[in-house]
Amino acid sequence: MRARDHGIVIGRVPPGAANAITDVAGVLVGHASPAPEQTGVTVVVPRADAWLEPAPAGTAVLNGAGELTGSLQIREWGCIETPIFLTGTPYVGAVYEAATRVLTERQPLIGVDDVIIPVVGECDPSAVVDVVGGARPDVALVAAALDGARSGTVAEGQVGAGIGMHCCDFAGGIGTASRLVGGYTVGVLLLVNFGDWEELRIGGRLAGVPAPTRGVDGSCIAVVATDAPLVASDLERLARRAFLGLARAGSYASHGSGEIAVAFTTANAALHARATEHPVVQIGVLRDPAALSALFAGCVEAAEEAVLNALLGARTLHGARGTAHAFPADRLSQ
Amino acid sequence: MRARDHGIVIGRVPPGAANAITDVAGVLVGHASPAPEQTGVTVVVPRADAWLEPAPAGTAVLNGAGELTGSLQIREWGCIETPIFLTGTPYVGAVYEAATRVLTERQPLIGVDDVIIPVVGECDPSAVVDVVGGARPDVALVAAALDGARSGTVAEGQVGAGIGMHCCDFAGGIGTASRLVGGYTVGVLLLVNFGDWEELRIGGRLAGVPAPTRGVDGSCIAVVATDAPLVASDLERLARRAFLGLARAGSYASHGSGEIAVAFTTANAALHARATEHPVVQIGVLRDPAALSALFAGCVEAAEEAVLNALLGARTLHGARGTAHAFPADRLSQ
Amino acid sequence: MRARDHGIVIGRVPPGAANAITDVAGVLVGHASPAPEQTGVTVVVPRADAWLEPAPAGTAVLNGAGELTGSLQIREWGCIETPIFLTGTPYVGAVYEAATRVLTERQPLIGVDDVIIPVVGECDPSAVVDVVGGARPDVALVAAALDGARSGTVAEGQVGAGIGMHCCDFAGGIGTASRLVGGYTVGVLLLVNFGDWEELRIGGRLAGVPAPTRGVDGSCIAVVATDAPLVASDLERLARRAFLGLARAGSYASHGSGEIAVAFTTANAALHARATEHPVVQIGVLRDPAALSALFAGCVEAAEEAVLNALLGARTLHGARGTAHAFPADRLSQ
Amino acid sequence: MRARDHGIVIGRVPPGAANAITDVAGVLVGHASPAPEQTGVTVVVPRADAWLEPAPAGTAVLNGAGELTGSLQIREWGCIETPIFLTGTPYVGAVYEAATRVLTERQPLIGVDDVIIPVVGECDPSAVVDVVGGARPDVALVAAALDGARSGTVAEGQVGAGIGMHCCDFAGGIGTASRLVGGYTVGVLLLVNFGDWEELRIGGRLAGVPAPTRGVDGSCIAVVATDAPLVASDLERLARRAFLGLARAGSYASHGSGEIAVAFTTANAALHARATEHPVVQIGVLRDPAALSALFAGCVEAAEEAVLNALLGARTLHGARGTAHAFPADRLSQ
């Protein structure tokens, strides 16, 4: 059951077919975890070989108490050249190393003519999962997440990187949603791990449902995808709008919370292509102010709805160090 | 009538005595305008002589389609050394020049041993006001705003810089609110000129009240004041939270909208004082994570409420180029 | 006499015909001042009507203890829509206001359908010029600078905005240079007001020539122009390289110095054009790594040489408050 | 043999006892590598337990085509809570994972009450070292680098992370230098891997010594340490000055080069301490403009000299994929 299955409609713009980031054609999502109670990996794949054809991209930071590796390079070059890997905070290194090895194995030019800096984001599941003694993501797990990446419906809640995460003191994790705006699609996938139950807003109203336990202090990684022909500076702007959706769902970006966003477009694939014969690349750039504003508004709506989808899609999870309790959906009718 | 007078309570944190930025002790607000239908100046005074004792400060930008002069210096030095002047976009130069002259006249050291870079922010009233042919702010007007600056209750809506501004297609302008958090006060004053009526949220719910006309595309300058002992980097963080409050009231930061914030503290006055005998200055810095988070949450609430106070405090204004229509408050009961 | 006239050749890349920012086709430079000893205005014009066809642009800050109005909008939209006005710090408001009025008068759509935020940069001449009592730039002066803007040779040193400025304790002011790289041109114009004589490097070597007096503490505004087809994020990168040239001439960016740069391209004029029928604009973007690196290296060289041209082009100026002494060029042979 | 041993003196400020980053009391440096021809790890330790007492810190980016993990958190919180690990680009994940495990093992609170985000920077040695098939850094290697960290003299050139690196087409790697300014010390340690021999400047003059082969396109990670009592925003400023020293040695920050800096202070250890009873922490902050400017100038000098120490300290290294040739020091006399 997702937010719309409960009759909760966020905003005024229609969603795409799957109401997911995968509504942006070509974008795939995969999950893998060592065990159902052990935080794993969620991967968002911008295109088949992002290293050969990096996607124009931009990042934004609301509260940088977290990590998104590759941020500096995305900012400098205006593109992303790897899938986006999400995981638990203590596993960033393990996933980075595994991604380096898997991607190097699959693209023979890496490590010979050039290197790769994988993009890895995180939230902290240590209140629920044993992050010290438990199984750590490895090459096989990262490969499985990549190989399992699919278009269409996306599993939400306590899956992949979402295992052990909280949303406003209830179980959270992966959530996604999309919007169709002016012929383009914008999709958002979140790794939700922020908030207090007292601040949770459902459809703009304080939920007022006490949670049995406290989650950790924060964090939310947002991945925004679109097929609109944008360049890096506009993708930074789009990324920033995801935070406005979090705010509507109750985020105030607490001191320890890492609210970090990355946005990319599947359009203009030629712009950053490694193999090109022409020093000057021809592209189209969306400059219509109304179209840009509509994309921004759609991103805000999708981000807010993705939070609720993470909340309502998450099962109760009993981890080695604690429990993430599912939100009692029967309270929604009140 | 303000939001609370209509029974609208935003969030969970109590406001200060005036529910205004002036609840931060020492902070004054003044308004002046050439005529009731001509955009003037609103000034926020951090302390009596901010040039001699600059206030620790930071800025944030959600959408930089606007101007806040002095931003670069605030970012570099971590302090603000002038009052904050708000006005109409076409008057930034006039107010900057007038402020330079007034402040230089009042502080004999300026222009002799040192210079001053006034902080001037703006929104665009050109849909309502004749910004080409009409009266422009001058030295007398800026002096009047400074001399009229007061603590306590703040006039809202179509006053000072607020004249000619829209809030979600209705009349907007100046709005303010405050919160008391853990022994500290955080106050927000907004120059509101953003949004579409379709996006307006009152208490988190879409208002759904059509406006008779369209306002211009955007902008909102946020001034955040606190007495908590913070340094520049934390004030940047506080400033950023104001945008989350705008989002809850309906902002999605459209392409043409200038959402820019500046935050300062009245504490740690010695840190940037020009006249000091000691190369190393002793200060206290709030580092408690829970206290910082509470300040952030209070800022979000105050910003959301300040939008509604601007909306509900604004009269209908017939300008030389158009009309800003007051929000029909009788629709609130529905 | 410029640096090359003294046999000083900076770097390895050839300069353009005028060895000036005006070597970028279409770029004009104008100077005007109220009196030969009173700081005036220098204007760099990217194209005939930058408001109708804004130039792709980016900014960079090495030490933000200064002002470049319009910075936020350039950062957000990735373009510059006005000429770049340089002046003395206390005159930023006067020039901003005058520019607003002149540009509004010359482009009837401004103030009716839209507004303008002029780009004004500054350095502080208060050690030499009477900035309190002296003549202030006004509408006539700004119009004169614009109307006098020319291609070809650029007057350097104590002209326009350069009047009253220092370069490493000697007279400084306006300096310019250019480089031809891979079929493109990159030009730099500086308003030089930084440095200590002990740090001055000529051709990489400490000059070791004591100055008779101390200048003020710093600042240098850099304007970088190119005809290479870049987008905003790459123009930010190009702007940043200007600082490396300053460093080679002796800058360490002291606490009080405002090192701020803006770069624009005359290419891709359609990208930000206000009057367009197509929501998606077709452009070419230079992506060849070697070509980008060559542009960067050329910018560094041009910036270093522009410092020396400001130094060597400046006459001794006796102002109302002090004297800027010309560098003794006869010491160069040593 | 270091630069000064060859009679090359950079700048005017005296160095510390070891002319190394370790002149800042408490700062340790360690190197470890799997083999003399295989890139390893260099670690800079700010203090014994940086996780319990994070050091106030700031970062800066000249060209972000690289990686420094932890950058977002340093920017947000203004402190660094781990040692700084330097390595080869393809080993960032391996070192991050190893550091996570080693630091977690040594500090029992990590992973239980809180998590850690190690700071790992990189340059690309793939032109010399077999980064695909060769040995990768692991837990033992990272532990060895930490355990071997020492004060006093620092090994330079092709050691630790420096193995396989180039400096202007010659062998490069680790270089360090320090300056004593006004009672404080500022030290710089570089991982040097940038530049073209045509651009190399020694003592400000083009070296003009052709290299037998080409290095890779760039990168330089700079670590700046001081004992001056600064806060985060000033440490960002200090970090930025390192780039001015690189420029003087010949850097123009080519497109593919990752010039990234991090600065920290050993002072004000209480500011970010995890275990504190007081929500408001008392600190001293250096605000004297002249003292700050002197620190900046010292940092520029130390960075320039550290480049030359990396160049002159590096032996010829024959790697599995290529050779890094030592600079012919006998050419210096010319």
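Note that the chains take the letters A, B, C and D in the order they are written out, and that residue 1 is the start of every chain.
Criterion: a residue touches a chain if its C-beta (ideal position, glycine included) is under 8 Å from a C-beta of that chain, and two chains touch if they have at least 3 such contacts.
Values in this document were obtained by computation on a predicted structure and should not be read as measured data.
Q: Which chains are in contact with both chain A and chain B?
A: Where chain A and chain B share a partner, that partner set is C, D.
Q: With chain centres set to the mean of the C-alpha atoms, which chain is at the far end from chain C?
A: A
Q: Are the interface residues of chain A and chain C largely the same numbers on each copy, more than half shared, or largely different?
A: same
Q: For chain B and chain C, let me know how many angstrom lie between their CA-based centres, rounded off.
A: The answer is 32 Å.
Q: What is the distance in Å between the mean C-alpha positions of chain B and chain D?
A: Using C-alpha averages as centres, the distance is 42 Å.
Q: Give me the residues of chain C that touch two or more other chains.
A: If we look for residues of chain C contacting two or more partner chains, we find 63, 76, 237.
Q: Flag every residue of chain A that touches chain B in the complex, lowest number first.
A: Those in contact with chain B are residues 12, 62-63, 198-199, 201, 203-206, 217, 237, 240-241, 243-248, 251-256, 289-290, 292-293, 296-297, 299-300.
Q: Quick one: in the complex, what on chain C touches chain A?
A: On the chain C side, the touching residues are 76, 78, 229, 231-234, 237, 271-272, 276, 279-288, 291.
Q: Note which residues of chain C are touching chain B in the complex, please.
A: Chain C reaches chain B through residues 61, 63-73, 75-77, 89-90, 92-100, 104, 111-112, 114-118, 124, 126, 131-132, 136, 258, 260.
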